[in-house]
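Below you will find the structure I want to go over with you.
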Amino acid sequence: MKISARNGIKGTVESVKLGEVMASIKIKVEDPTLITAAITRESAEDLELSGGDEVKAVIKSTEIMVAK
Amino acid sequence: MKISARNGIKGTVESVKLGEVMASIKIKVEDPTLITAAITRESAEDLELSGGDEVKAVIKSTEIMVAK
Amino acid sequence: MKISARNGIKGTVESVKLGEVMASIKIKVEDPTLITAAITRESAEDLELSGGDEVKAVIKSTEIMVAK
Amino acid sequence: MKISARNGIKGTVESVKLGEVMASIKIKVEDPTLITAAITRESAEDLELSGGDEVKAVIKSTEIMVAK
Amino acid sequence: MKISARNGIKGTVESVKLGEVMASIKIKVEDPTLITAAITRESAEDLELSGGDEVKAVIKSTEIMVAK
Amino acid sequence: MKISARNGIKGTVESVKLGEVMASIKIKVEDPTLITAAITRESAEDLELSGGDEVKAVIKSTEIMVAK
């Protein structure tokens, strides 16, 4: 299946921090930019995310702001 | 002021398409990745966005998904 | 690739309305529930969405509210 | 009061997991679909959510993606 | 029904602008603060929003950023 | 830099609660309205948020619902 949210930025997982409900995933998208995804802990576990994984940060267009 | 949403990805505006209420801003963040921000037309006009502008795509962490 | 936003609800596209920037997709998820996705027109066109398509409405957990 | 976000999907609370700040609410919306709402712990407590509650998952249209 | 997103800010509708798919609702929440909600045109029509209406701007906590 | 999300509501931080991954920031925006922002713990720490701080709650227009 193909998803409508196709803003995808390739990166590598730097770190995974698991809270009780949420998890914080740091993704290095290109030197030196590091972005943080806050997803549910359960999703992080289901994807078995860990440092070094090749991933994509995916974002729906309506969630992207522009700063100038 | 500094904002809590600090996932910022630098890029260059490729195109701006204005609808009646919303606007679609295409931003080249690094070759060949192009992302699209859907913001209100009014914000696009207030920022006077146009092709070639150096901007940042800004995203709150809770809006970022991870695909692996 | 598998995505962290895995709340997926199967349904059938009832109608697609294209605006200049955004598109409204009505999805029948189970009789008589009809939900509306507002995505960019471009995504709707890229997915070639049209009435009768079998699709999934996908939602990140942090976007779901609960009413009781 | 009536709210503009009227995508509402009826379901039954399966489980409530409270973290320090956030809570994860699993809702069975129709066999076998289970969706997860990540809301603040405080909201979960204010609504006194617990297993078996009849609830609605409510989602703003701009938060719904389509996969095909 | 009571909804988990209970950040509600009272205000008065200043203007309603209908696009094809989306609508922009300007709400005066307290002098001189004016906020803009981008909702679907259909929701704006279903709520019969028009200037002078007493409304509430409702926001899920995970959508609120903090600037300092 | 100026950001496209310019719905900004001035207020004073009432309390900051840190979870492992997320933080809950209560902001008094005008008596008696109190709103809650759920941001990452890291952002809360980077902004050094604490009670009494003058802040702005910032919200993208597509995240604001209207209740009438």
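We call the chains A, B, C, D, E and F, going by the order they appear; numbering starts again at 1 in every chain.
Quick note on the criterion: a contact is a pair of C-beta atoms (placed from the backbone, for glycine too) under 8 Å apart; a residue touches a chain by one contact, two chains touch by 3 or more.
These are the chains along with the protein names UniProt gives them: A, B, C, D, E, F = Molybdenum-pterin binding domain-containing protein.
Note that the structure is predicted; figures quoted are calculated from it, not measured.
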{"item": "Any chain that touches subunit E and subunit D", "value": "C, F"}
{"item": "Option in B-C, D-E or A-B whose residue-number contact pairs overlap C-E by over half", "value": "B-C"}
{"item": "Distance-maximising chain from subunit A - centres being C-alpha averages", "value": "E"}
{"item": "Maximum centroid distance from subunit F, chain identifier (CA atoms)", "value": "C"}
{"item": "Separation of mean Cα positions, subunit F and subunit D [Å, integer]", "value": "22"}
{"item": "Inter-centroid spacing, subunit F versus subunit E (mean Cα positions, whole Å)", "value": "17"}
{"item": "Interface hub residues of subunit F, defined as touching at least two other chains", "value": "1-5, 19-22, 24, 36-40, 43-44, 47, 56, 58, 60-63, 65-68"}
{"item": "Overall pattern in which the protein chains touch one another (line/ring/star/complete/other)", "value": "other"}
{"item": "Touching chain combinations (by label order)", "value": "A-B, A-C, A-D, A-F, B-C, B-E, B-F, C-D, C-E, D-E, D-F, E-F"}
{"item": "In the complex with subunit F, residue positions of subunit A that touch it", "value": "17-24, 36, 38, 62-63, 65-68"}
{"item": "For the subunit B and subunit A complex, residues of the former touching the latter", "value": "5, 7-10, 24-25, 27, 29-30, 33, 35-39, 43-44, 47-49, 53-68"}
{"item": "Subunit E-touching residues of subunit B, taken from the complex the two chains share", "value": "1-5, 19-22, 40-42, 60, 62"}
{"item": "Sites on subunit F touched by subunit B in the complex", "value": "1-6, 37-40, 43-44, 46-47, 56, 58, 60-62"}
